[in-house]
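Please find the structures below.
You will see chain A twice below: alongside chain B first, and alongside chain C after that.
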Partner chain A sequence: MPITLLQTLAATNDWRSIAPEIFLGCLGLALLGLEMLLPKKEHGVIPFAAILGQGGLLIAVLAGFHHAADGPAMKTFGGLIQHDRIGEMFRVFFLITAVLVSVLGAVALAKQRMPKTEFFAIVSVVTAAMMLLVQSNHFVMLFVALETVTVGFYILVSYTRTNPLSLEAGLKYLITGALSSGLLLFGIVLLYGVGGLNGLKGTSDSAMNFGALQNFLAQNPDNFLAAAGIVLVLAGVAFKIGAVPFQIWVPDVYQGAPTPVTAFLAVGSKAAGFAVLLTLAQVFSAYAPLVTSVLGVMAAATILFGNLAALSQGNVKRLIGLSGVSHAGYLLLGVIATLHGQVLAQGAVIFYLFGYLLASFAVFGVMTHLAGEDDADQRREHYAGLGRTHPFLAVVLAIGLGSLAGIPPLAGFMGKLLVFIVAFKARLYWLLAVAVVGVVLSIYYYFSWIREAFFEEPNDPGATRQPARTPVGLIPGLVLTLLAAASVLLGFYQGGLAGIIGLR
Partner chain B sequence: MPFLSDHLLLLSILAPLLAGVAVALAPKAAAKPLACAGFGVPLLLALHAWWYFDVVPHDHGYAFLTAYPTGLTGLGIALKLGLNGLALPLYVMAAVVGLAAGLYALQSGAERLQGYLALLLVMHAGLMGVFASVDVFFFYFFHELALIPTFIMVGMWGGRDRHYAAMKMTIYLTLGAMLSLLGLIALYAKSGANSFDLIALRETLAAKPLDGAWQHRIFGLLLFGLGTLVSLWPLHTWAPLGYAAAPSSAAMLHAGVLKKFGLYGLLQVALPLLPLGAAEWALPLAWLAVAGNVLVIGFVAMAQRDLKQLVGFSSVMHMGYAFLGVACVAAAPASGAGQAAAGGAVLLMVAHGLSVALLFLLSTSIWHRTRTFDLDAMGGLAQKTPVLAAFFVAATFASIGLPGFANFWGELVIFVAAWKFSPLLTALAVAGVVISAIYGLRAAAKVFFGSPTGAFATVAAAHPPADLRWAEKIPALLLLAALLFIGFWPRAISGPLNAAVTTLYPAAAAVAAVPAPAARP
Partner chain C sequence: MPDLLFNLFAVFTVACALGVVFNRNAIASALCLLLCLVGVAGLFALLDAMLLAFVLVFVYAGAVVALFLFIIMLLDAQGGTRRAFGKLAVAAGALAAGLLATGVILLSGSLGPAGSVPLPPPDPSLLNLGETAELLFTLYLLPVEVVGFLLLIAMLGVIVLSKRFAGLEDIK
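The block that comes next holds the complex of A and B.
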């Protein structure tokens, strides 16, 4: 390879543009280094160092947000990565997720006789990979980032290795994840192959690049191989967001994984999937009828399955997992609306995701405090009388669940409203009818949980095998207060976030 | 006072809301005065608004019109507040019932009183917001803000079957709310106004009405969505159960005020914007209202032995008359009869709100003396508690619709308007008045006259029940006075109301079925 080619390829390697991801990678390594250097009894500082590092980075990214987001979209690393407003917003999203997961991790791991340090390093690396994933502009970049995320999650899901359910969850995630990667890869190869096929219009030798692929698809709007590739790629992504029929892993994995990891999966992994889907929806826009029909069927099935399956769950981790499946269905409505040319639809999806982030972490935060040593065994009965014994946790739980249920004046309602509006404008009437049925169904299980916490008498601690409730520490308490307050505030006043997302 | 008039409506929402938060956090001693302020300030502001309504400048028929951006102006959502003649009577009624319910809650001695008061205040803030909103989105938003505390209060402070009742209410009302929300979104998207602002929607649709098929669909969604919230037969089953279980102040506010949201939404939003769709639904609605709500529920109410269930069913039944009024408007919005029916429906909503709140209040006061809601066990209470008996009989008369009470005017105007629409339905509806007289008077007779039986007889003999205390009398007096005031002086609200219905449902000649507006300072 001539040196000049390498030079031209490297000319767009703007390392500063991925400084946050590099920092997170280094943070992960530094945390591992700290573990080796510090004596064992000093290991307690590692969670703090992780939270501090991630939080500091979050502040730095926020400080540079307008500079980065308002500039023109920029492609670096030979078109592997695209930096734009949406990528920047998801960077913020994943950093918030990372900080919250680390805070919950610190609370949850304190109850386990487990090494308490690698967790934070892995969370940092996975976060960096998610940030690269949403900014990828090339299937190679997308696949590598996605696999980094998935490998990180294999470890995190089976983190409590003394718990058989956690190990089982890890195995399930591994197998279904490998299947989904296979589907995705097969789809990518089909698209790449057909995009480089001689004799077709608009072919290129870099058909993995999103721009080139979009151009090719626009010129060949009814190629069977391309259509097959698109469906396979969508199926691969559907695994990540847990959409029917690829939701099969969700309940078991969500139950077995440690609660902070469940939260990370529910929020981070799902949001990453949707960010990819938003990007791919643009790339595949020439095949909009195909994509909308695939996603439409998926959305309807996802909403109905998620809600119906959640109705009978007594284990709250399974419940929240299945309710998360239904949320993926509502979000798919927004994604479909983007394909119908609704300019506000992307903003609606992102707003929904932010509302979902706040509400989910409020709920998971409370769950972390109520979990015992056996993290997989969290039943609804354990919440009986929480309003009497721990009014603070009960109120946070109610706000989180209310927001998930989409009740005004909470952020979740605004997210649903925005998604419903864009879906209506895109004329998705049948899907909206399904969504309304789903919302009404969901009220039953969300309110059963709230009812358990507020209306029932506390269990006699001796009579039941209910795990002891962890007292709320200063930092988790502060974080939960912030989450609940933000959920309420965002329901009343959407100004700041809506302006950034472009809804104003 | 420019500041006061500029922000009057916002203040009337914020005062209870902030008081609610403060009551939840304040020390015990400060809670009651704070709550009093939270319940009282909206009434003062509402009376101010009513007194100066004709004097202050009007914009598109709205007084006190102000807008506060909340960050979604790109979607056409902003907190826009204002009162027109249709909203004003309900807004004032909400403030009156709110104060009465609040005062009654203060003396109720409920467990964890601070939490109860705080939720009641949040609910009250939502109620004031519902009738003050010009933006349809916030109209819905405030309804939900008021609804959530209701569920919690039923679940935590309710009586018998409270968990089941709370769950049932939640699911039914969420279904209704979601259907209405879908209807509002449809209206927003199809109108092309790109705004939830009712004034903008009106202007856009006046210039370019929706086609008939969409009007039909959207009105159907709104009718059954909002209808569920107002307990339209056969979607009413949550109501008697929920009210029987609800603590008295929550029942007063929900049955009295919040339930009117649906009817108000139909009259203020759906009917003027979707006249073609409404016309197609008029006849089915009228039959559901008269055959379902008035007659079926009337007979069901006659069979009740439980006082609170009886009041609950009677409230469902009386909504039938209001729905009949709505159906008359839907059938012929641009006629004199249609306008009169709209005015009559609002009058009846105000009157019913006051009278049903009074009945729920008195039922609970009776329960505190008898410890039972079983009508067959009670009796002879009039000798021991003459004041309570007088109040109860007056409230029953009001609810039946005897002249002298506000309800009379509402029902009368609706019947007159309905006669032009369908004499058969009118005749059936008038027969309903007899039904409500039968069960109302029989309940009053069973509670207060005759002699007690069963377990209550021994209790009553051992501890003779005491009469109403002042803490109970004041809220009851407040409601009764308002009922009588409108009963004897309906012009107090019919003036602005008349002006509003003639603008909302423009017609060649307005008839004076509703008394003509009088000059007020």
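The block that comes next holds the complex of A and C.
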């Protein structure tokens, strides 16, 4: 290969365009360096350094948001990466997630005798990989970024290794994650192979590229091998978002993982899966009937299974995991609506994810604070009388759960409303009926948790092995206040965010 | 001649794969896996995918299976009794095999008889290790860098999950 051709290939390697991801990777390395250089008694600054770095980057990305998002969509790295408004939105989303996970991690790790620095380094690298994942425009980039996210989660899930449930969760996540990667890869290989097959129209020798693949699929709308590849790729992504029938890992992994990691899985990993799904839905748009029928059945089963299974859970981590499964179902409705040509549907999905982020972290923040030595054992009885002993935490919990249940006027209600409106416009009537049944079911288990916190007498800590309740620290308290206030504000006033994601 | 070689390698690969499943001795299973991978590498070589064939032998046969053998010997996992399959499992397996066979037959029907699609001549750039490497360091440089970070956090994972820390009591 002549050297000039190589130079043109590398000419679009624009490293400045992925500066936030590079910064996060370097932050991970710098934290490890800090641990080596600092004396042992000053290791307490490492969590602060991590939160400061991620928070500073968040502010920098927000400051440059309009400059980056309002320009035309731009492809760099020879078409591996595409920068657009949605990618920029998700960059902000994942940075907020990273800051919140680091804050919760600092709170949770203080109760354990675990190594501390590695947690924040892994969270930084995983966040960078998620940001690359949602901007990838090529299956090679997508798979490498996805595997980096997944490998990071294998470690984070089994982080509290003195707890057998955490190790079990890590093993289960490893096995199901490897299976889902296998399905995804098999689908990618089928698409790549058939996209380069001689004798078909529109073939390309770079069928891993989303643009080339979309062009090929549009010219061959009834190819069996391509359809098989699409179904396998969708199955691989469905594992990540925890949609039925690929949800088996969710309850055990959510229970066993340390609470901050459960929050990271519930919000970050799910949002990354949906961002990929939104991109792939456009790439596969020539096969819209197939994709909508597969996702439609999946959405209905996911909503019903998640809500019915959550009804009988006494462990709140399993409950929140299964309710997260049902939220994946509502979000799938929005993804299906994009395939019916609803221009607002992408914005509705992103808005729902932001509402879900605020509400989930409010709930997970309260859970992290109340968790005892055994992080996996958090039962609903432990919340009895929280309204008397910790009115602040009880109110934050009620706002978070109310937003998850979709009670007006909270952000979760507006998210559900927007998704349901686009689904209605896309004429998904039977799916909407299932979703409404699901919402009614979910109110039961969310409210029995709230009732436990407000209307039950406080337990005798000795009798129920309820962990001791401690006062809330200043920074976690501030973060929880912000989350709850944002949940309420976003319910009343969507103007800013709705304008940015193109709902108006 | 290529047909004869293909049949030879295909039968060899399938036989070794069956050997992996049916052997009672874990070490013999792992060695069958090694031979199976060599067979697959032979199939790749017949398709002119020399690089893939070599990488398969180096990485999987050379490193991964050797690791399997280490772990089997460390755990001293020998024999053991195997539980018989239940009726439900047999029925489910038969159903899955039937569906798979139907799918393959339908698919081979829809694609037409084998050999109807002429294979393109092999891309010379894929045969040359140097040019593949140059691609990795130009077009695919970003994924390569990301893989570097993947390995870094995998290393951190080994430290977190296996290092002995003061005051940390591991479960037995």
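Miscellaneous remarks
Rule of thumb we're sticking to: the second predicted complex is superposed on the first by the 502 of 504 C-alpha atoms of A that agree within 3 Å, B and C clash if a C-alpha of one lies under 4 Å from a C-alpha of the other, contacts with A are read in each partner's own complex, and residues count from 1 in each chain.
As a convention for this text, contacts are C-beta pairs under 8 Å (C-beta built on N, C-alpha and C of every residue); 3 or more make two chains touch, one makes a residue touch a chain.
Model, not experiment: these values are computed from the prediction.
Taken together in the superposed arrangement on chain A, chain B and chain C fit without clashing. Chain A has more of its residues touched by C than by the other of chain B and chain C. Of the two partner chains placed by the overlay, neither chain B nor chain C lies in contact with A:Ser312. When the two structures are aligned on the shared chain, A:Gly495 is found in touch with chain B, with no touch to chain C.
In the superposition on chain A, contact of A:Gln282 is made with neither chain B nor chain C. Contacts of A:Gln219 after superposition on the shared chain: neither chain B nor chain C is touched.
When the two structures are aligned on the shared chain, A:Val125 is found in touch with chain C, with no touch to chain B. Of the two partner chains, chain B is the only one touched by A:Lys425; chain C is not. Minimum Cα separation between chain B and chain C in the superposed model: 39 Å. Put simply, chain A uses no single residue to touch chain B in one complex and chain C in the other. Residues 69-75, 137, 140-141, 144-145, 148, 151-152, 155-156, 162-163, 166-167, 170-171, 174-175, 178-179, 181-182, 185-186, 188-189 of chain B touch chain A in their complex. Of all residues in chain C, only 107, 110-111, 117-120, 123, 125, 131, 134-135, 138-143, 146-147, 149-150, 152-154, 156-157, 159-161, 163, 165, 167-171 touch chain A in the complex they form. If you check the complex, the residues on chain A that touch chain C are 1, 6-7, 9-10, 13, 18, 25, 28-29, 32, 77-78, 80-81, 113-115, 118, 121-122, 125-126, 128-129, 132, 140-141, 144-145, 147-148, 151-152, 154-155, 158-159, 161-164, 167, 197-199, 205, 224-225.
Of all the residues in chain A, the ones that touch chain B in their complex are 344, 402, 407-409, 413, 417-418, 420-421, 424-425, 432, 436, 439-440, 443-444, 447-448, 451, 454-455, 492-499, 503-504.
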